[in-house]
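Have a look at this one before I ask anything.
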Amino acid sequence: MILALLWPLLVSLRNPLRMLMEHGALGRPGHRPELLDRVWASAPLPALALALWPGETALLMEGWLLGGQWHLDEARRPWLLFTSLLWIAAGVYARGYLIAEQQAAEAGDVDAFRRLLGLALLWPLTLTGNLLLILAEDIPSFYLGFTVMTFAAYGLVVHAGHHDAHLGGRAYLAMALFGEALILGGLLWSAGTADARTLSGLREGIAEAEQGMWMATLLWLGFGVKAGVAGLHVWLPLAHPVAPTPASAVLSGVMIKAGLIGWLSTLPLGVPHAGLEPLGRVVLGMGLAGALGATLLGIVQRHPKAVLAYSSVSQMGMITTLVGIGLLEPALWPALSVAVVLFAAHHGMTKGALFLGVGISEHPPRLPTWLLWSLLSLPALSLTGALASGLAAKWSMKSVLYDGGHGLLVTWLSLAAVGTTLLMARALWRQWCERGHHTIPWRAPMPLSWLFVVLGAAGVPLWLPLAGMGATWPPLAELPGLLWPTLVGLVLACLAVAGAATVRGKWRVKRRLLPGDLWWLYAALSRRGLAMLAKGSRNMESRASRLRARLVEKEERVVARLGDVTRYERGFRRLAVPLMIGVAVLLLVGFWLE
Amino acid sequence: MPPLDDVLLAMPPVLLAALVLFDRHLVRACSLFVLFALAVALTWWWLGFIWLALLEILLGAALTGACLFHALGISPVGGAPQTRLTHWKDPVVLTWRRGLGQSIPALAALGMLATALADMPASDSIAATRWSGQVLVGLGLWAFALHRHLLRRLLAFNIIGTGIFLVLMTLVGEAATAAGHGLVMTGLMVALLGTVLGALLIRRLDTLDAQRVVGSESGGGAP
Amino acid sequence: MSQAWLPLATLATSLLVVPAIFALPERAWRARAVLNLSAALVKLALVALMVVGFYLGHSFEFGFTVVDGVRFLLKVDALGLTFAGLSSLLWLATTIYAIGYLEDSPNRKRFFGFFSLCIASTVGISLAGNLFTFLLFYELLTLSTYPLVVHRGHPRALAAGSLYLRYTLTGGLVLLLGVVALHALVGDIAFGDREVLADLGPDYHPLLFGLFLVMLLGLGVKAALVPLHGWLPRAMVAPAPVSALLHAVAVVKAGAFGIVRLVYDVYGIDLSFELGLLTVLTVVATITILYGSIRALAQEELKPRLAFSTVSQVSYIVLGISLFGPFGTIAGLVHLMHQGLMKVTLFYCAGNYAEELGIHRIDELDGAGRRMPLTSLAFTVGALGMIGLPPVAGFVSKWYLGLGAVQAGMPWVIAVLVTSSLLNAAYFLPILHRLWFRPGPEHGRGEWPEERHLGRLETSGWLLWPTAATALFSLLAGLLAGMPFSPLDLAAIMATGEYLR
Amino acid sequence: MIERLGLLVFQPAQPGSGWAVILLVGLPLLLGILGAICRPSRGWPAVFLGLLPFMVAVWLLQRVREHGVQAWVLELGSLTLHWRADALTLLLFMLTQIVALASAAYAPAYLRAVEDASKGSLVWLWPLLGTLVTSLSLIWLAADLLALYIGLELMGLTAVGLMLLPGRVEALAAGMRYLLLALVGSLAFLMGVTLLLGAWGRLDLVGLAAVSEPGPVLWVAMALLSGGLLLKAAAFPLHAWLAPVHASAWTPVSALHAALVIKASFFIALQLWLVLVPDAAVAARLVGGMGAAAVIWGGLMAWRAAKLKDVVAWSTVAQLGYLLLGFPLLIGTASVAADIAWEGTWLQLAAHSLAKAAMFLAAGNLLLATGVSRVADLAGASRRFPLSLLSFGIAAISLIGLPPSAGFTAKWLLLHAALAAGQWPWLVVLAIGTLLSAAYVFRVFRYSFIEDAPLHDYRPVPWGMDLIALVVASSSLLLGLLAEWPLALLRLAGGAS
């Protein structure tokens, strides 16, 4: 288990260390070492091996942080598995995707080399964090993993280094910080109250604590930033498009799930009488809002990655509603949790495939066009719930909800699925519009890894080890109920395409909604806030300096006056004898008064 | 009421002291001081302190007088004074207001003295002497406060000292005469040494001053 | 078994170096370096010896009567030992650093002489066994740091020195008054005799409260509690090793350490709680933390920003001890050490930038991570630690602070912590961004203000290795906080073993 | 309180002690005359010979420790003079010896360095020095007013003589003022003695303590005595003569004067108060008030002073204020407070003596080396004369009362005593005094640390001079930590009777 974490770390540090050894190599023109080599791509392999390792393991490390406890149990295994799979695929994909840059770097382009070095360092580091947060059972390790992942990923987001990347990076970082702060507050509060060191202890503590609701709210919000809860999702559409495609894939595929993992690890889901119903209702509402709202916002985006990012928000909104139900009705949770995991894995892989697909459409491999595009639309269809893993995930979700008597909710979710279909259509359409013409051999790492993910995504229910219960395929009778949203969506999409073709001009004039919607509001607000802080600080500064100046001035005056006082000394000198007699008289009076 | 002869005997030192202190001519004042010391010696003799009388003549009149004249730049060989010192004016003008103001410390000291002495009644034979001593102290203090001139201050100091000796010897009883003698003798010695030092200083200051004046005059002549 | 010589020898090691250094001629820098380093090593060894002995249950005490009823007392306890260990460790690092930093500058003899004196006083402070002895070294510290602060001798340094003296001497005086008053009340209190004041009875409580405030006022000057912090940012004109030491171990820490002593060893935590002193401390610390962070935001030069960060960070210690309960205590004690490690790293880095590249302002740092990767890495570690991110040491402190806050029934303190973390991030992360992600002179944009090539590596090894070492330490202190003999472990031992019996 | 001074003891002295005392008093004088004849050009013979009386004092101290206070009566015909030697007086004597030795060791080198030291004045230095030490010994040891008077006058005149030795105009003018005031002071003293003698017919302190009774006579006498003595001790409103005298005097003489001469007057005054009016709390507080004013005024003047020697001289005025605080703390207070104040006062006296002597010597070194007298001209001194400045600094630590120094320990005791006596205002005074002294001392340092100063031509001082200043300064520092030893002796003397 240590190896699983240590290996990426070593891989990450390898290159900088090498740089250090050959100090001065940076300044020299000429050949550079290959940074993104095979070893680099192999970083998640031990983790994969771990995920496939039979049986549960636990690792106790007293010396680690405040006492480390890492567990690999059946609940964590699926997460670990699909995470490492996607990381591997994305890593291999990246070697192909960044080949041009790498060649430039090897040829001596300093800037490219620097950027790649950063990627070579931060990619495995992000992975380390991601794995750690999955495996960690003690709170500090968990938080450590979360933090490492969050901050290391900043480097991935800003990799390209252009203006948009920095904007995305800023949005990402600001929101991440906000989330971290909330998480830290929530963790400290709840851990302090429960006197807990482990996540399970924390969950129990929150369930019992008097202020548990508020702690849970803090945690939910904090992780919600990562999970893209409506309102806190704004970094997603900004950061995902600017990151390199493989990075977007892991960002959207697995890192978003870290927020979900956070919820599952810290919120007392499934604990009866935890008293979190009000929160559950809010969560439910926000989830739905996210699931529906994001589709509306996403549909008007132009960049395919932005569309996909909004789709992620929408999908995560769906999962959020499930969590909300879990909070509302703890009894449903055991069944729901399976659905959530399945859904998460499905979404992770599928979204990964979609993002990788964006790169593929930009650099199409030498495949027949129909094959290529049907492969591209496979995960899209799966995401809408019409095919493969999507179908299974949707069914497992719906069945539980129906059992719990939440028919209305299912309808709403189906509406969201309609939206998803539209989004997918939109994304594919945009991909089609922006498809590239420089083809690459299909046996290059890029298409291969993409294919691997596409296939993996399609078959998630087949290989995902779900604790206790396997995924079930829906009976045929239910198929219409599951498929109608996709159909409706497709029809709507066709109508839209047709409509767009006819009233093309009208669409053009409409002002496009910027990706990141609320971010601009937040940014303005926070800019205002920061400006106020800075102003306040400067005010303090100037007030302090004014005060200092006034004090100095006063001091100078006093000193000058004291200088004046010294002239009385002449008087003392002249009147010494009378003064002596005066002193004597004074003392006499003193004696007399005794 | 003290007998008349005692009063008569006590008068000359007081009168002489007043003249010494307030005479505007310094050489005359110094000469008068010698007379004053002799008068005090007479008083000692009258009171029966022969040794003190002799000491007073030796230390007070002869040596102190010599010192004073030395300070003035008058030597028995050289004769007449050559320096400005003889006509030294007090740097501060004497006005009535100043005179009155400066008498306050003297009066305060006298008051303290009187308070203390009120508890120790004197026999008639020495009352006059004691009074004269007190008057000398008062006069001396007044003059000391009033004058800036160093020599005059030296004179004033000597007169205060003499006043204190007079009071002292009228206070000590039979038992403590030895201690009284000891004190007075020490006091006389101190007064003498002080005067010597003072005189030397005045002399030296005068010389340096003259040099400086000459120096600045010659310096002023140059462009 | 009591061995009196050991604490005395520890003190003497650095004290005796002082005349030796003054006796050496100015040019003999090699001999001086050897002398300094060997003394630092010897002291480290002595402290290690004491640590071992202490764990074996020996007690080390040295004392004699100064005047009737007043004893000069050196005593080893866990807290003092930890502080002594920290200071000797950082002394070693800083000595190495200073040797490199001051290469070829004038007045090195004076510098190192007073530098050693400064450390001697710090060790004295840590080993002091009663308030009198503490006060003695506390004031000695003031005196020995003054020449260091004004070392450069230009008008700004002199003005800063004057300001520094004004604050610290007045503070020392106020402290003296408080200590004397306490002494007049109950006589000599050795640290650890907590019953003495507790037994006085409630009639004395207002008086004790007042005396505590007086002493807090005195100590607060050095601990840079708002509004007594004014000297600290101005004292930044001192050379970098001095700032590092001032902020990490010596002066600021002495104040915080004094407050710890006062609360735990003189008043006793229970009495302090009963008197409501802890609330006072909490409020003061909270204000200081937020104020320092906000002021740091507006600083445009590196060292003043770090200085205000110190103002804020040192109050974490005060905050920790003001939280009634074991976690709060642990937090305060552990941050005493962690802050030292992290801050010293940051100041070394600032010094490195200034020495190697002539960088003083933050906006000149663009791309410096490329030019000086190790230094920048160390800076990153320190900065992340200051924000309180795992796995750097600062996280451990913050974690325990939070737990302590809850334990003390003051969850609102968590909000303060979180806000402070955010503010910390707001003024540190832009620096990191500039270091690593902004193109700078290394990429052909502009020039370094004053570049010198001090060594084969990115800068002189004398400067680089201490920096790297302290950064590593602060990383390890957090990463391996659960190990035996880690700062956290020590703090926990102290907290459970001594103060919360 | 009176027994603490070694008075009120009627046990016969141990044989041999009398001779020891005669040696104590006589040896310095003899050595002074010897010095005049030989005119040593090096310091060490002076030190070597000067150790003799010190040895005697140590021996006598040993006897005192074994047998308690030693007291004698010297009869000259019908005149009786009383003497006593106890731990306090012997310690004071040793202090005198130390400072005098330091000055004596310093003087030859100094005089060689000073250009205007004329041959004539050199002849006078040694006997005057010897006489001064003798007169100081007289004052410490005397137990009756006549002997005290003799000692006081001898000391005053010798001091004036020493101050006049440089022979410059300013020195003469200041010296003249000093002379006149000293003479007036001694007249007041004499007047007081006269009244006491007239009222009770005896002059020995023990006897006077027994027979005197409160009343106008005693009060007037005490008022006059105190007035005279305070004038000589340069207590606050009567301090005006002090600074000008020091400004132009030779450094070793200044050191001696500031360290010892004014302390002798203080000692006599305190002794008289304790013996004759031990309960006059109101008057004592008045003296304390003067002390407070002295602390503040002296501090201010020192802070504003332009010349280095003026700074040091004014600091003497301020420091004497601390000593004057001993009056209200010792007189009319409960024994708890008085016990502490007693130790604090003497420790302060010793601390100030050593520190001030060291400071004068160090300042003299600086002045000699730079050839300038203004504080502002010291710019850059720290680089060129580190040792002199170090001595100056160490002495300054003690003066400010920062630890670890005798000044600090003394201040601690005084503060403690003020608290124990419930006299809060003195706390404020001590605090202000500390700050003011820090202000004037660090003003000097601030100038000395300036780096970009123009390079004056300077000449190095002989290392011996630096060493002496350093040793004396360090002794003031060490005394702070080792104060228990002399103070235990003080207690012993108090407890033995």
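Just so it is clear, A, B, C and D label the chains in written order, and each chain counts residues from 1 on its own.
Just so it is clear, a residue touches a chain if its C-beta (ideal position, glycine included) is under 8 Å from a C-beta of that chain, and two chains touch if they have at least 3 such contacts.
What you see is a predicted model; the values in this text were computed from it and never measured.
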Averaging each chain's C-alpha atoms to get its centre, pick out the one most distant from chain B. A
Per-chain C-alpha centres versus the global one: which chain is nearest? C
With centres defined as the mean C-alpha position, give me the chain B-chain D separation in Å. 31
I'd like the Å distance between the centres of chain A and chain C, where a centre is the mean of that chain's Cα atoms. 36
Rounded to a whole Å, what is the gap between the Cα centroids of chain C and chain D? 42
Counting in whole Å, what is the centre-to-centre distance of chain A and chain D, each centre being its mean C-alpha position? 78
Multi-partner residues of chain A (each touching 2 or more other chains): 577, 581-582, 584-585, 588
Chain B residues touching 2+ other chains are 112, 115, 144
Residue numbers of chain D (touch at least two other chains): 184, 219-220, 223-224
Line, ring, star, complete or other: which describes how these chains touch one another? other
Strictly by the criterion at the top, what is the full list of touching chain pairs? A-B, A-C, A-D, B-D, C-D
Across the complex, what residues on chain C touch chain D? 22, 64-68, 70, 72, 106-107, 109-110, 132, 135-137, 139-140, 142-143, 146-147, 150, 152-154, 157-158, 161-162, 165, 169-170, 172-173, 176-177, 180-181, 183-184
Listed in rising order, chain D residues that touch chain C in their complex are 340, 343, 347, 380, 382-383, 386-387, 390, 397, 402-404, 408-409, 411-413, 415-416, 419-420, 427, 431, 434-435, 438, 442, 445-446, 449-452, 480-484, 487-488, 491
Could you please specify the touching residues of chain B with respect to chain A in the complex? 102, 104-105, 108-109, 112, 115, 141, 144-145
Under the stated contact criterion, what part of chain C meets chain A in this complex? 230, 291, 294-295, 297-298, 327, 370, 373-374, 384, 388-391, 395-396, 398-399, 402-407, 411, 414-415, 417-419, 421-423, 425-426, 429, 436-437, 439, 443, 456-458, 478-484, 486, 488
What does chain A use to touch chain D in their complex? 562-563, 565-566, 569, 572-573, 576-577, 579-588, 590-594
